[in-house]
Structure formats: structure tokens, C-alpha cells
Amino acid sequence: MKQISVIGSSTATPESEEYKFAYTLGKLLGEKKIAVICGGRTGIMEAVCKGVKESGGLTIGIMPSYDGSEANEFVDIKINTGMSWNRNPIVVASGELVVAVGGNYGTLSEIAYSFILGKKILGYKTHNINGIEVINSPEDVLRYI
Amino acid sequence: MKQISVIGSSTATPESEEYKFAYTLGKLLGEKKIAVICGGRTGIMEAVCKGVKESGGLTIGIMPSYDGSEANEFVDIKINTGMSWNRNPIVVASGELVVAVGGNYGTLSEIAYSFILGKKILGYKTHNINGIEVINSPEDVLRYI
Amino acid sequence: MKQISVIGSSTATPESEEYKFAYTLGKLLGEKKIAVICGGRTGIMEAVCKGVKESGGLTIGIMPSYDGSEANEFVDIKINTGMSWNRNPIVVASGELVVAVGGNYGTLSEIAYSFILGKKILGYKTHNINGIEVINSPEDVLRYI
Amino acid sequence: MKQISVIGSSTATPESEEYKFAYTLGKLLGEKKIAVICGGRTGIMEAVCKGVKESGGLTIGIMPSYDGSEANEFVDIKINTGMSWNRNPIVVASGELVVAVGGNYGTLSEIAYSFILGKKILGYKTHNINGIEVINSPEDVLRYI
């Protein structure tokens, strides 16, 4: 099963461009039956999971807690790490490709680990780091799969 | 989606009682559409994943490496931790119930974490630790779900 | 610098045999200028750190939190993991030798990791696991150094 | 005991400005009896440890492996994590202050975790990230202690 990691801020609101981008991306990935790996929480993580579920795909949340109770309602499989933010490298290591949508310092750590692990990273309105492939629409992601 | 963790030795061979137990258990869990979480490698992990796939279920491997290349062929979703044996607590934290089948020191560490995290553990031919509920057949697991 | 890991229950009280054992062991290790690695918290961890400090040695606590605020007052160096109980394998991996004093499930997980990593383990009133070398006095530890 | 984390590239050579900076910083921190936490390997990590030892201080390496065999010769205490690059957050969580000297993606991940954890970060010829306090000499670090 193909796996793609989607990373981004936990504080993105449904009105934001980033949330809408992640939601539409989720729908596209769900249609393609690509499993989506994310941090399982709010904001971008919720947006992409919501999209995936609407098109019948599978979502996996790499959770900070031991019980996964902080998962958004669209997470199918909860991987409960108990490691708080230290779970971030696992999120990107588990995707063949990483898509960064907006994001703050948590996302920055995941971008750094993507480079450490030699992953391709696509970015939409995210940190301006050399090596990230800038994309402008969710459909752009499909060209890299 | 219901998630159950199955733990046990990586060296169990297909001829062993433990392998057969895990394989049959996998078939039962797959039929019930219960996702199976395991360490993703050989032995008991392979046995249970094989069974799950034969009955159309979903398997998740919590992998020691960053690239998941050591996964057995029946793992659907690879969670690549890069943490070697330190990934063991994640295996049991991600199941609502833990089933131990045979096992060596890796399994012992997972049994210990099951108790730390307050998980119910069922055991078949595994370590003799007070608090493990001894079971005799794969069907016994279904009574706890 | 020689490093020895001391593991045991966080709930051992100063009146218990186990606490006294760990305290005396700490004094002996401190005298020998052997650095003591432990989980940095209460009970046996506090006892051994207290002993080490009284004889001028060095104590290192592998802390569950990100800020180390739960360290006992005898910890010199706080390694703040933020990983909760998942920090247990680090405690034993960092010692050339592991000494288990009493203990509950956390200790059991550390004993399991000691075996996984091929460490020698000495035990005083601890889990009855094949492979642990039973000792009767703190002085016995010195014969293994 | 005061603890400061020093992070930077494993590939910095002794001829580089960054290596010299880290070495001199190590000497200053050792004189002040401040324990230095680092990743324990080559380059900047070796440089700072070398400096610390020349002025009689204490060095702690947060090692990627389970046996710490990759430690540079100036590491006093080896914390063996077995977690490969996932040990990076532990390096910065264990310092009251973080000093970044040059650096590549590993350092970027540590800078990100410093922000996540609310640590003050000083930087010399490092990533250009908003929020890092730029410094020009090792002595500048002392003003923040």
C-alpha cells in the first residue's frame, strides 16, 4: 500500500487556504487509495484526514500520547507513541513522499527529518527551506506519485 | 477501527505451535475486521500478518528501521520508527488488547510495557508472569473483544 | 568514565531493605568514581543517587519529561527525554552493568532490555527471571566491575 | 549543575571557523564548570568536547547507537539511546540554553525542537531562522548564562 505523509500546523483553521488545500489533497489521495500518515491531531492533520475519509481512503495518526485520545475524528488507525513531539521523525519516515502545508516549528522539525532521511518534500505555503519543491495546488502532488 | 496488538518471537518457525496459533488468530481477527498491530518482522509477526491477509484484514507493522525494508510480505502499513528495539512500547500502546504468543526478551519488554500502560494481556505459551491471562486457543481471544 | 545503571521501583520507601541496599550501593560506586545512571526519580533512584552524592560521585538521571522537573535532589545531570516510560531502554543501554533492586513493571521492562542488549544484570530482591545474577549485598556488585 | 547544549555539523573540519568557535566555546564552558550536552560524534561535537576537556569540564554525548562506540574521544558520559537521529530532541531538551554552530539538517531538526520546547538559541554561522539570536564570538555565549 502506498503511504504519503502530510505535515502542517495544528492551529490551521477551516477558513484558511492551508486547511482547504490539505482537505482537497486528502480527497485526492483517498481516491487513489493512498494511505495518509500524519500527526493525528487538529488543523492540517484534521483537514487531510477529513478529505481522505470523504473519498474512502485510510488515515493513520502517529499520536503523541499513549492512549491516542487526542486523535481527530477522522483518524482510522492510531499509533500511540507516548513520545510527545519526539514522534515527529516517525511521521515523515513512514511516508514515501512528504507534503508540507503551512506549518510552524513542529513542521520545521519534520521538514528537517525529511531531509535527513532523504525524502522528497513538496511544500505549500510552508517554511522557505532550500530543497523543498514548491507546489501551488493539491493536484500538483499527484505528479510526484 | 478496533486495533489489537500481537507480540511474540521473531524466530518462531512455521512448524511450531506458536506460529500456527498466531496464523489462525490472524485469520480470526481479519474476519472480524480488526486491525492487527505488530512488530512487522518474522516469526509470530509474519504468522499473524499472513493470517490476517488471508481473511481480508489490515496489518500494521511498527518497524525498527527508518525504511521498513525488514517488513514481512504481509504487512500493509509500515510505521518506520528508526528506533530499533525502542519501538516496542509503541507496539503495545497501539492495541486495545495485547496477545502474547511464545516469545523471548523482546516479548518480555512488551509484556512489561503492557502492564505499565494498564493493557489487558492474553498469553499462549509465553512468559510466566503474574497478571497474564492464559489462553489455549486463538478462539479464546474473541471472548475478550 | 565507568558507567553503571541502577534500576528499581519508584515507590521503595527509606525504611525498606531495597532502599537501604541502593543507598549503600550508591556510596560504594561514588567512592570508586563510577558514574551512576538511573531513571532520576523517587524510590530506588533517589536512594542510589543519595548514596553516590555522599561519597562524591556523579549521578545522571534519564528523565521522562522534557524539563526534568521530576528529578530527585541528588541528580547531577538531567537527560530530559520527553519520552515518558519509553526512556527505559536508554537507562540500561547507558550502563556497562545493570543492577536491579526490587522493582515493578518499569524495572521488568528494563530487565528485558538488558537481556536484549546483552548486558550483565545483577539482582537484589527483584523479578525472578532466568539469567539474572542474584546478589545479597551491595559489596557483591564490586566483584563484577 | 548547569547544562548547555551545543549543536552543529558532524562534518566540520578542524580548519573551519565553526570548529574553532566550538573548541573555544568548550574551553570557556569547561572553565565555568558548565556541563556540555551534545550529540557525541565528530565535527562540532568533537570540537566542543575537546575544548571542555582541556579546561577540566564535563562532557555528555547523547549517542545514536546502543553501545556508544561512535563517541569522540572527549566524551565523558555516553548516553546510549539506540534511536539514531531520533535522539536529537533529547540533545536540546537537556540544555538550559542551546548554541548552534554551523550545521546541516540534523542541526536544523535540533533548532526546530529548541523552538518547540521554548529554549533560547544562540547561533553562529548557522541556519537563518527567525528567533535565533546571532552571536559572533564564543565569549558572547557567557552573557546569556
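Going in written order, the chains are labelled A, B, C and D, and every chain counts its residues from 1.
Basically, a residue touches a chain if its C-beta (ideal position, glycine included) is under 8 Å from a C-beta of that chain, and two chains touch if they have at least 3 such contacts.
Note that the structure is predicted; figures quoted are calculated from it, not measured.
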Is the C-beta contact count larger for A-D or for B-D? A-D
Based on CA centres, what chain would you say lies at the far end from chain A? C
Please tell me the distance, in whole Å, between the geometric centres of chain C and chain D computed from their C-alpha atoms. 27
Chain A to chain D: how many Å between their CA centres? 30
Just give me the whole-number Å value for how far the CA centre of chain B lies from that of chain D. 40
Numbers and ranges of chain D residues touching at least 2 other chains: 66, 81-83, 85-86, 89-90, 117
Complex contacts: residues of chain B adjacent to chain A: 1, 3, 35, 37, 58, 60, 62, 66-68, 76-83, 89-90, 93-94, 117
Provide the residue numbers of chain D that touch chain B in the complex, in ascending order. 66, 81-86
Any idea which chain B residues touch chain C in the complex? 85-86, 89-90, 105-106, 108-109, 111-113, 115-117, 129
